[in-house]
Each structure stands twice: as structure tokens, then as C-alpha cells.
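Below are structures written as C-alpha cells.
Presented sequentially are two complexes of subunit A, the first with subunit B as partner and the second with subunit C.
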Partner chain A sequence: MFLKRNKNTNAALNEFAQVVEGNSLGKDAWRRLKKNKMAVVGMIIVIVYSLLAATAMFLPIYPYDQIILDHQHLRPSFSKTAGELMMETRLEDLYFKAWRAGSLVVTEEQSAQIRKWIADNETNKVWDFCYTEGERQREAGLFTFNSTDQRTIDRLQEKIDTEFLISVDTIIYTDLESGKAKNLAKMEFKEIESIYANLLKVDIAVIEKQTLDEISNQVLNTLKAATPGLTNEEYALNLEMEMDALGEKGIASMAKTNLLGKVKTTITRSAERDLRSEIRSGAVEFPLNREITVNEVLTAKVSATKKHERQYFLGTDYSGRDMLSRIIYGGQVSIAIGLVGTLTSVLIGIVLGAIAGYAGGKIDFFLMRFVDIMYGLPYMLLVIIFMAIFGRNIMNLFVALAMVSWLTVARMVRGQVMSLKNSEYVEAARSMGASTGRIIFRHMVPNSLSVIIVYSTLRVPAFIMQESFLSFLGLGVQAPYASWGSLVGDAVNGMTLYPWKLIFPAIAMTIFLFAMNFFGDGLRDAFDPQSKNQL
Partner chain B sequence: MSTTKKPLLEVRDLKQHFPITSGSLLQRQVGAIRAVDGISFDVYPGETLGIVGESGCGKSTTVRSISQLYKPTSGSVIFNGIDLVKADQRTMLKARRDIQMIFQDPYASLDPRMTVRSIIAEPLVIYNSRRLLETPLSSLDIERKVEDLMERVGLNKAFKNRYPHEFSGGQRQRIGIARALALNPKIILADEPVSALDVSIQSQILNLLGDLQKEFGLTYIFIAHDLAVIQHISTRVAVMYLGKIVEISEAVQLYDNPLHPYTTALLSAAPIPDPKVERERQRIILTGDVPSPDKERNGCYFYDRCPKRMPWCSCHLPPMLDIDPKHQVACWLYDKEDHSNVTMEEALADAAKPKT
Partner chain C sequence: MTKYIVNRLLGMIPTLLIIITLSFFIVRIAPGGPFATERNLPEVVKRNIEAKYHLNEPMIQQYGRYMFDILRGDLGPSFKYKDYNVNYYIANSLPKSIVLGSWAMLLALVFGISAGIIAAVRQNSWIDYLSMGVAVIGISVPLFVIAPVLQLFFAMKLKWLPTSGWYTTGEGWKTVILPAVSLSFAYFANIARLTRSSMLETLRSDYIRTAKAKGMKSTTIIFKHAMKGAMLPIVSYLGPAFAGIITGSIVVEQIFRVPGLGKFFVQSSFNRDYTLIVGVVIVYSVILILMNFIVDIVYAQLDPRITYK
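Then we have the complex of A and B:
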């Protein structure tokens, strides 16, 4: 309402007061896009998704690659913690066993029902029923666990109550002489070496030798992985060359990373020991942030949380990783593939298609025959071969997908350009001395934008699908990285038992694709000044 | 128009042949469409040269060849002492500033994705960015110039943010005219600028063109197939048939006293807005179709359809014959010798003789 009135006064101002501002196709398109509500909603959703994916590192979510095996297949819950869910799962199991053993007494019909569920493979219903029935009977005092089961439950409860995750955030070194505090991570490798030797109370020479051995082992391992099948002498020779290539600096930086890791592990272990005894005496409150003193020179900032107090709003997967953070991190890969792939393929397609269409003749002939040949080759095979040759990482996935997907765009743009080439406005532009580039990019491309935009928005989902297909084949995104496609692919196995693993990534993907389509539709209308299809 | 004046544009033996090719990869030329086949004329400053002719006779190709939209096959187009056919790109660009075009279809000649402002400003922007203007323009200057041009051609300058589809045909043609005027050209090639418009709008546009001519001292080459339009606007008229000029003359003289049989037939085809005259008017109806322009002829191009053809014409190409300094016609009827009594055999024998 407000928007409308505003627009009208603006228009009136134009007509009579003759205040006319500058305008361009882009600005105008934005004005028209804003009027299309669905497109705006779509755009907002796409932006929110992209922001979430881009800022995933700073969001308060659990790491997407942290495996906690105790938390396997936990169902999504807003109220219960991981510990409670673990207990629930265990109880379901125990009640079911009790029913089998006959200690959990149910009516004949109920037993028949349970058998029927088992026959129908509806395990979830069996567990749910056993759990509710068992809990009811236990509260009513009709059922008690036998001593073995009770012990299992108690042990689990203790585990839930006491287990914690600890991490060392920063280690601070205080110089005894000057009293200055320094972050250990920013210190020189030699200094760290002596501090570490001091910490372990061994001779510095031992540590030095140990680190050097480690590094040469590391280098040797990467060498063996890169060029397998050489003799030991050759490896030794290669190793020497590699070490020379690394130089003082390279070795120092490798040694520093190794040493820092070791210092951290040592501190973590001792802190863990201390904390465990404190928990037993019951004096700790979680979550915990404290500074501990390691020895006279080192202090460390340590944070610890109860392991089983985590909450998984969207459940967990088969190795206890948080689905929410996996979906968000998976979005990073999927959205990037969808957008970057489409963008590159459209750019290559526009340039080559426009050249072929505008130049015509031999250039057109050879370009299009090349496109024909590429079309003829099995598309997935090309991608698979490319990935096999150049290695399986995300960058190569982008390149492989973009490499074969510009063909259709090029064809389309070529057709458009050819039909526009002889139109009078292009002739007019030429009679005004416009350069070929200007004619192509100022006249022809804007006039074929509607086709290009529609096609690209259809490409985005296609790219996401292709990526998931490749991930399914094991050629796309590798664990621990995730993409929506690989999440869905992983979830298909346990679909009936753990439906949340399938539903949430699928919903996330569907919403994004819907939004993308609406946005694309809106963009097409916005870039067409003659479009009547406006809200 | 006095002939002592230096011509602004000289067209000499201009030929525009479009190759007919066959084969997909190794294309070879199997023939050519002789769209324009050796025409010559001069255009003097300040005049309007009308070109008439039926559809497909090469009128549009002529102006496109002059403005080098099609590279001519041979011949020369001399503008300001520069031969545009042989000119390199930069000279061509400089010359093109003075040669602008108005197109036939006001719906197709404006880019539907551009606002009126960017359409009119485009030639300015192009020449400005190529640094071919006398004084470089800022974007504000261009803005002002656009508004100025819009007012000149009778468009409300408040419309500059609108798109072409929001205008009527006449308004669109005004936009096209404004665009052609943007670079202050000396000569404007108008390719049937009014044939796509309503009659009432036609007169508005014609009057606008006339006014602009007076105001800027423009020269026009004006194509139309409407003879009344040509009569109204032209000072001289060239009649084209099958890629050749058959008659060129002062407009008044041509309309009063058409000499070439084709011109006579063409003029007789135009209706006269007076029922009495119209009823008594004698029409010359040409038989047959326009022959295909794909082969070279050694006789008169109009021979097949000419009501006054003689055996001589079938094998002798008529040169441009001067009737008087301002009137040339390509017809053997007006040769000093009389060819009417020559029989076919004699004519063929004469044509077979090697030329001295």
C-alpha cells in the first residue's frame, strides 16, 4: 500500500515537475523485481541460506566433523539432551528384551500387535510401544529390571553424568625473568622446543632429534603416497632432496605445528586427569572455563563441556555428528556448486555462443562441431574421468561440472544472437559505429537475457543434483565434508529407522531450490521491460 | 540545384553482389544476387535525393552500401573527398559521424531493452568513448544533449526513462530521428522512414524532417515506394529498377515529364486523389514479374517487361543519356541515333562486334 502510493507520486513528479533521474536496465530491473513478492521472498531465502553457509564457522553450532560414537542416530529433539536420548534408546532396547523374555507383561492383543509390527518391519513402533508401556509399568511398580540390566543402566547414567569434552584454547608462556606473558602459538620453534623439553623434564637434544625424525617420517610418508613403488634407496635420495627443498624455514614451521600439538596433548591429558578426580568429588560445574597452571612458566586456558549435555535439534547421523551443522556446512558446498557452476557455465556459454553466432562462417562451424562432439561424449563419464585424473577435491568438482555444462548455454545464446544479428536495431548500432563487443554485450546479450536467466535458474538445481550423484558414486564430496546430496545419499540406507537423516537435508534442499526458481522467474520478468507478467 | 556546386557525396559505379554459396564446409560461390549493379549519382549539399522503385529493386541495399553496413563489391562512395569503400576503420568511423541512418521499421530499429535516453545517447557515448568528438562530453553534457534532441524532434523530455514499447509508431520514429541527429550529421540516409506509419503520422514525420533540414542544413537520401511522399519531400528523384538507376531528374521535371517507360508505368500506377481524373486515368500495366537479379545481362534490364521495347534493347545495355544537365535517363529511346528500325539480327550482329 505504502509502496504503491510512493510510486505514484514519483511518477507524477516525472510527468509534470520534470525531475527525471538517471535510469538503466539494471536499476529498472531492481525496481520491477521489488514489486514481485514471490521473487523477493525467494531472494531473501537464497540470501539467508547463502549467509548461513558463508558464516557457518562463526555460528554457535557443533563442529560438523566431530565424531562422538555414543551419539549415533539420536533423534531430533528440542527438549531432551543427548544423554537423555541415549538413556531412552537404551531403555527401549531393554524393555523390548524384557518383553521377549516375558518379564514385561502385556495383554495378548498387545503382544500380537508387537509381533505384527516386527513382521512388518516397523521397528520404531515396537520400540515406542515398549518404552511407553515399560515406563508406565515401572512407575506403577509393576516391573523392575533384573540386576544385570539395572547395572547397565546405572553405568550408562554414570557415564552420562561424568563424561566431558575438554579443549585447550590458548597456552600462555610467562617469561620468568621479565615477567612478560606470550602466546605460545606465536613463539619461535626453538623456544617452544626448550619449553617442551622443560615440561617433559628431558634433555633438549632428545626432543630435537625426535622432532627431526618425525618430520622426515612425515615427508617420507607423503613421498610414498605420491610415488609408490620405488626402492628404499630411491626413497632415501628423494627424501634428501625434499628436505633440502623444504629448507630451514619449512622444517621449522612443520616442527612448530608438531610441537604445539604435543604440548596441547600433554596439557589436555593432565587437565583431564585433574578434572575427572574433581568430578568424582562433585566439585565442578559445567560448562567450565578456567585457567590452569601447568608449571612455573606455562598456563593454559581450558574449556570443558559435558559430553552428553549437547542438544541435537535435527538429530545426529551414523557416527554421532550433528545433523544441523552438517546441513549448514553441506549447504556451503551445494550452494557454491550450484551458483559457481552456473555462473561459470553461463559466462563461458555466453562468450562462446555470442562469438559463434555473431562471427558465423568458419568460426561458427568449428565451434559448433566442437560442441556437437562434446555433446556426443557421455557427460558423466567425462566428469568421472576428469575427477579420476585430477584428483577428488571440491575445486576439481567445480571445474569438471562447469567444463561440460556450458554447451547448452552456448547453443542457446548462439541461436539468439543469430536471430538478433539481422534485426534493425543491431544494424542501427553498427551504422553508429558501435564495436562488435558493444553490439554483443549491450544489445544482443540483454535481449537474450530472459532465456539465459530461465535456463540458469534451472541449472542451479541440476548442478546440486549432479553433485549429489557424484558424491553418491564416491567421486564428489568426501567425508568428513558434507553436501546436501551426500547427506541424502547417506540417509537412504536407514530411511525407515532414522527418517530425520533424510527429511531434514531434503527439506533444506527443496526450500532452496523452490526459492531459487521463484527468484529466477522474478529476475526474468524484471529484465524484460515489456513483460506484462508483473504483480 | 546548380551543378556547379561541389557534390557532398559521389557514388560511382557502386556494385553490391551477395554471393550464393553451396556446400557446408568447403563453400564455393555458385552465383551472386546483383542487388545493386553499378549505380552512379551525386548528392549535393542541402538537397533531398529521393530513390523510388518497386520492392526488391535495391533501394535499401544502396543506402546500406553507402553507409558501409554492407561492404560494397566494387565501386566507390566518395564523401568529403574520402573513398569510404577503401577507407580504414578509423577514417570510416570519422566519416560515419556525418552519415547517419533512419530506419524503416520504428518497432524493430530501437532496442527494446534500452530506455529512450540510452538509445538517443548511444551514438554520443560510442563516439565519446572512442574520442572522435571535437570536444569530449561529460555524462551531464550527454544528458543535456539528449533532452535537447528530444525537444527538437517533438518528444516530451520527461519520457526519457521510458522504453520504446511504451510509444506509438510516430513517436518511435521521432526517437529514431533524434538518434540520427545526435552526432550532427551532414547527410541522413532515410530508409523508408514513413512507410510503416499511418498516413496522418507520415505527414507529421515528413514535416519534421523538412523542418530539421532547414534548421540544420541537412542533406537527405530518402527512400520510399510511395510516389506522393517522394514528390513532397524530394528535390531530385532517382528511379531504380533491378539494381540500376533508370532515370534521375529534378522532382518536378520527373513527375511532369517522365521519360523512361518504367518511370511512366510507375507514375501511372499511383492513384490520384480526384475521382474524376482517377476515372479517366490511363494506367500502363506491366506484364510479367521482376526478373531475378542473379545473372548479368547485356541488354536493357527492363527489356522483358518494357511496353516500348525494340530488338536493339535486347542486347545493348543503355548508358545514362543526358536529356538536359539535370535529367538523365537510361533508355535507347532517347539516344541520338534512332534504333527503332534495327532488326533483331542486325542488333545481335552489332552486339557481337568487338567494341572499339
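Then we have the complex of A and C:
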């Protein structure tokens, strides 16, 4: 053990002088897993999903919480931009109105068909028909809009052509004396405060007071959201406690974010004004990246894109947010909760199960009775009550789910530990004077790890399902965050009109759960080939 | 046997007591209350209301009062729906949930067991792959995805079935199909997989080989000999399945607008309607515990190796 081994000279040889390599349990399992095609596909899908979720920040997608009200409920399209889709929707509406008014002439049968569609509540078909028929007639010169409608169209077209989204990426502060350039985001709160006061040309004390007021308001609002239904005095008391808990540092960092946001808004506004007048006077190339000078000390890198040239491959939701990025970020939340939740519950289960199994006697009896009682509880109901009453946020959700999901692991580990307790190597370790903790966590737990790993992989989809179940009921992840469950939950109302809101998150989630289940099954078969024909 | 039943029945009491206590205190220790949303109430009125519902008493006294009321079978007045008491609401909505849950369980059992048996008897045939494929879908796709998709497809696109509602809305028994099918799907899948694997194992056992050697008809072997042994894992799965159907019915009742207990439960949790929450939890727990008890008895009846003292 303590001798330094040389791999080449010390390799075991068989009778034909071939090197015999040892095979670890993991290696063996991996070899078997590789043969199971479905499990490998499942594993690859799980890896791809996890990578997408982990790198969501760096993907070239729109922000998941950017609300653009003009882009409400745009249908998914690979070829058309948001502006074109907006125009299409408006035209559908106008053609339909024209049909109502009788200026869009269609045959008697077609009219009857439209009426039937309306009676059947199949409005999508009505829109489609009116649009294609109207466009055909307009192309052929058979139909022209009246002046009011034409003006509406022109106004919309102008809006689509001119509106842009502007964002300030970095703000650079140049010190006048030393000439050094610094990123404003990396500066101290006090410095930013004086820069901002200078920018607005107001007294620094005014800014400071305003910022502090806003921060306490912000804290109060989060308090109100977390624990609704208190009296004003209780809120005031809680607020004081929260502010104390934040401390100087916390308040300074909040104030910094607040001030940075304000500086950005100020710069954005002025840049927007400049850009608009530029557009009016002549052509501006989009997308646009430029550096602008705000005042003698501040410069900013600004980028602008045309607002209605955005493309939504998976459509948008009720407040114009991109479904694609919502699904990816939703996956991030769901997968994270699944993984971290499983990990936590497995850790709790291992510790308690190992203690119960190793100690035996009274400790075992009480722990296992407790587990039995917990098993008997309708725990999802208790989780629902817990979430509804203690505020809906990710942390609570996590605690509520992890609290009840360690039971099975604890039982499993207890069984394993009890069966390993009398094995030779444990006895050997004990005779060498190893401590209880060492025996449990260095010898017994690693030896039951294969069972635990298999159980955990099958536990992840269950965890994701539970989280999504709660989010679906409106008890889980809250806006602006999303999870697959909350996306499906939001989509259920109005799913005939906007089916993409339901279908895409559902597909994304289903594929992941499928993959996870196949992967878990494959792992179980790999670690325990005997179980092949069981469930 | 009788002794065992009595013992089990007595054993339910502490579990139920823990559930009631736990839910009673969870709802009450949280800040806020059922009347906190009616913010503009004058202090006097508020105090009167609290006195009426005994909310001004110390917690332990409220608890004692509540336990005493439960012993008399009274679940107390609802704090939000002021016209009736909790018993009335539960008596009104529970039958609907029970009908829905029973249908779901029945569908899952009938189709799950038959699919499992067919798949096991014709192992590696197309019907085996088909039913196991459907079962994998049932296990992987969550209920709240299956239910809206079925609703979208069968009710809104094909218009074969009503989208939502319950018997009373004039569509009759058709309203129960979609909710029951979507609720049963996951349990169908699990039961089918369980039946298949346990049937496969049983069919390989010695006593089946003996029966075959005696020249028995294969249907007799499957239904009389193999079934009895193969059903044991399914019976023990029924306990968790009942619990799952109860939680699942909350979602299904919301999607298909069934005026059952599940809808009340979520609503009352949001409203902090203390008595209604605890009342619903008690009802659910009693159903769950009773079902587990019945499952155990059935298990003992099916498996002569188990003797209960």
C-alpha cells in the first residue's frame, strides 16, 4: 500500500503473459451502459439540455424577461419578422372587418363557411381565410381599403420601419486628472453617486436621499410579495429588521445597482432622442453599434436594433416575451431544481439512513418510525399548503420538496448499511481502529453508491415533475422567472388561439423527461444486470 | 385476522392526529390570516369577526376547540364562503372527486393489467412494443401536459367530447371521459409495466411449468394460475397510486373545471380559509389511509404466505 508502485513492472500477468487489467464497478457499468442505445441517446439528450441550460446566458437569444407589448402573442415563424407578423395580424383584422361591412366581396358559400367557423369558435381559420382572400383581391386590384383603414396600415408600417430598441452596454468613466478610463459598473457606490449628481447637475444629498428611499421601498415590496396580508405596522417592523440584516454593505450594493440603472436610463433617453432625430433626417444603418459622449467624463457604448425586425422562432407569450428563450431559461430553472433538489434530498437521506442503519437500537427505531409516519402523510397536499401560505419563491419550493423526498433514500441506505455492517472489510476497518464516521462514510456509503446513483437519476425527473406540478398550479416559480411547469400553466388558458405556447414547452419538457427516464433505466441495468427484466 | 384489522384501525388514529395537528399549525403560524385581505375593515369589526371565529383565543385553545368539534363530526364554518360550513362544501364536492378518481383507477387497472398480460404473453411482439411504448409515454409525460393536450385534440379540434364541465352541464357521462383518461394515464403506464414484468417472472416459475406439463389450456394457466401470483406487486402499488390520483385530481379538476374537492383545496389554500384547508386535508388523508388499509387486507388475502396476527 505504501510502496510506490510502478505500473509496468507490477502489472498482473496471466498464464499467457498478457497483462490483466482490473475492472472497477464503474468501468464495468459504463461498458454495459454503452451497449444500451436508448440509454446512450438519453444521456446525450440530457447532456445537451444541461449544456443549453448552463450556457443560456451566452446564447444568442433575446432576454427571457424583456416585455415588448407590441409583440403580444405572435405566432412562431422561421421566415417572418415580428413586424411582418404584426402587419399580417392587423391586415387579417381589417379584412375581416371589411367582410363584415360587405366591402370585401366573397361568394355566398364562402360567407356561409366563415359564419360556420365563427359559430364553431374556430377563429384562426376565419383569420387565415380573410387574409389570403383579401390579399388575393388586393393584388388583383379588386379591393382597396377605405381611407381610415389605409391610414391605420400606413401608421403601423411607419412604426415598424422606425421603432428601435436601444441598449447601453458599457459606460466608461474617464478621470479628468489622471486620464484613466474605468468601467462605471466596477466603481464604488459613492463615486457613481457623485458622477450621477454631476450628470443631472443636482445636489448629491438629494440623490442620496432618493436612492435610500427607493431601496427601502424595494425591500418593502419584496416583503409584501413574500408575506402578504400583514398590517402596516407589522410591515414597518419587518422592514426595519430587513434593512438591519442587509447592513451597510448590502445597502451600498443595492444602491449601486439602483444608481447604475438610473445612469443607464438617463443615457439611453438622450441617445434615443438623438437617434430618433437622426432617423428623421436621414437613413441610419441598423443594427448599430457606436460610442457616444455623454459629458466630459462619461462615454458609453450603445447598440441599437430595429424593434420589429426581431424573429421569434417559437412565438411569443402574452406580454411579448420570446418563447424560445423562456423555454431555455425555464429549463434552466427546472433542471437546476431537479438536480440540486435530488442532491440535497440524497445527502439528507444518506446521513440519516447511515446513522439509523449503523447505530441501530433506539435511534434506528425512532428514525424509522418518523419515516413511516412521513410516508403516511399526503405530503403533496402539505407542500401545497406550505407554498400557498409561506410565499411562492424558488427557495421555499426547494425546501418544501427536499423536506419530503429524502425518505426513500434514507430507507435504502439504512438497508444497505445494515447488510454491510457485518462484512469482513468493515470488521477489518474497525479492528484497525477506524472511527465510526470513517467506517460509515469511507467504507459503507461508497459501497452502496451504485444503488444511490441509480435511484437519484430516476429521482431527478420525479423532482422536475413535482416542481412543475406546483408551478402549474401557480404555487412554484413566479414571474418573471419561468419553469416548464409555469409555462405550460400559463398556456392552458387560450390554448386554442395560441397553441404554440402550450406545445413547445410541453415538448421540451417531455423530451427531457423521456431522456432522463431512459438514461436512469439504462444506468440501473448497467449497475445491476440482474434487474434487466424488472420494472 | 380480526385482531390485525383492529390493530391497524387503531394505528390510524395517531397518523390522523399528526396530520390534523400538522396542517392546523402550518396554516396558523404563517403571518397574515383569512381576513387580512379585507384591509379596510374598521378595528372593531375586525375584532368582532375574530371573536366570532374564536381567532382571538390562544392557539392551544383554538386547537382544543377544533379537535373537540371534529370528534362531533363538525369541521367548522368556512372563513371565506360565509354562508355554509365546511361539511356542506365537502359533502357537495367530494362525490364528484370520488367518481372521477374511481373511474381513473378503474381505467388504469383494467387497461393496465390487460395490456401488461398481453405484452407478457406475447413478449417481443409488436403488441408488446406498442403497449410498453405507450407506457413509457405515460410515465414520462406529466399529467398537466397530457390533460391539456388531450383537451386540445379531442375536445377542441375533433369536438368529440366536451371540453370541460361535469354531469350537470347537460353533456352527461361524456364529461367524465377526458378527465378520467388523463388522470389514469400515468397509473395505467405503471400498472402495465409492473404487470408485464411480474407476469413474465411468474410464467417462468415451476408451478406454471407443471400446469403446462399437465396439458392445461393456456388461458386457464394465465388467468387462474399465473394471474394470482402476478397480481401481488400491482396490489402493493395501489397504495401510492391512490395518493397520486388524489394529488393528480387537483390538476385535472382545474383543467377540466370539475367542481370537485381538489379545486376547493387550492383555492382555500390561497384564501387561507383555515377550516376548509384542514377539513379537505382530513378528508383526503382518511381516504388515503383507508385505501392503504384495504390494499393491505387484499394483499393478505391474495398471498397465503403472509399471515397477519
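Quick note on the criterion: the second predicted complex is superposed on the first by the 361 of 535 C-alpha atoms of A that agree within 3 Å, B and C clash if a C-alpha of one lies under 4 Å from a C-alpha of the other, contacts with A are read in each partner's own complex, and residues count from 1 in each chain.
Basically, a contact is a pair of C-beta atoms (placed from the backbone, for glycine too) under 8 Å apart; a residue touches a chain by one contact, two chains touch by 3 or more.
These figures come from a predicted structure and were not determined experimentally.
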{"item": "A:Ser423 touches, of subunit B and subunit C: first, second, both or neither?", "value": "first"}
{"item": "Which of subunit B and subunit C A:Met495 touches, first, second, both or neither", "value": "second"}
{"item": "Which superposed partner A:Met432 touches (first subunit B, second subunit C, both, neither)", "value": "first"}
{"item": "Partner chain(s) touched by A:Ala101 [first = subunit B, second = subunit C, both, neither]", "value": "neither"}
{"item": "Subunit B versus subunit C as contact partner of A:Leu25, first or second or both or neither", "value": "first"}
{"item": "First (subunit B), second (subunit C), both or neither touched by A:Leu347", "value": "neither"}
{"item": "Partner chain in contact with A:Ser468 - subunit B first, subunit C second, else both or neither", "value": "second"}
{"item": "Which of subunit B and subunit C A:Phe365 touches, first, second, both or neither", "value": "first"}
{"item": "Partner chain in contact with A:Asn447 - subunit B first, subunit C second, else both or neither", "value": "first"}
{"item": "Larger contact residue set on subunit A - subunit B or subunit C", "value": "C"}
{"item": "Subunit A residues contacted in one complex by subunit B, in the other by subunit C", "value": "none"}
{"item": "Parts of subunit B lying in touch with subunit A, wherever the complex brings them together", "value": "24-25, 64, 67, 69, 93, 96-97, 100-101, 103-105, 108-115, 117-118, 122-123, 126-127, 130, 132, 143, 157-158, 160-161, 163, 165, 176, 179, 183"}
{"item": "Footprint of subunit B on subunit A - complex, ascending", "value": "14-15, 18, 20-25, 28, 365, 423-425, 427-435, 438, 443, 446-447, 449, 527-530"}
{"item": "Contacting residues of subunit C [partner subunit A, same complex]", "value": "14-15, 18-19, 22-23, 26-27, 30-33, 36-37, 136, 139-145, 148-149, 151-152, 156, 159, 190, 193-194, 197, 200-201, 243, 246-247, 250-251, 254-255, 265-266, 269-270, 272, 277, 280-281, 284-285, 288-289, 292"}
{"item": "Complex contact set, residues of subunit A against subunit C", "value": "120, 227-231, 234, 373, 376-378, 380-382, 384-386, 388-390, 461, 465, 468-469, 472-473, 475, 485, 488-489, 491-492, 495-496, 499, 502, 506, 509-510, 513-514, 517, 533-535"}
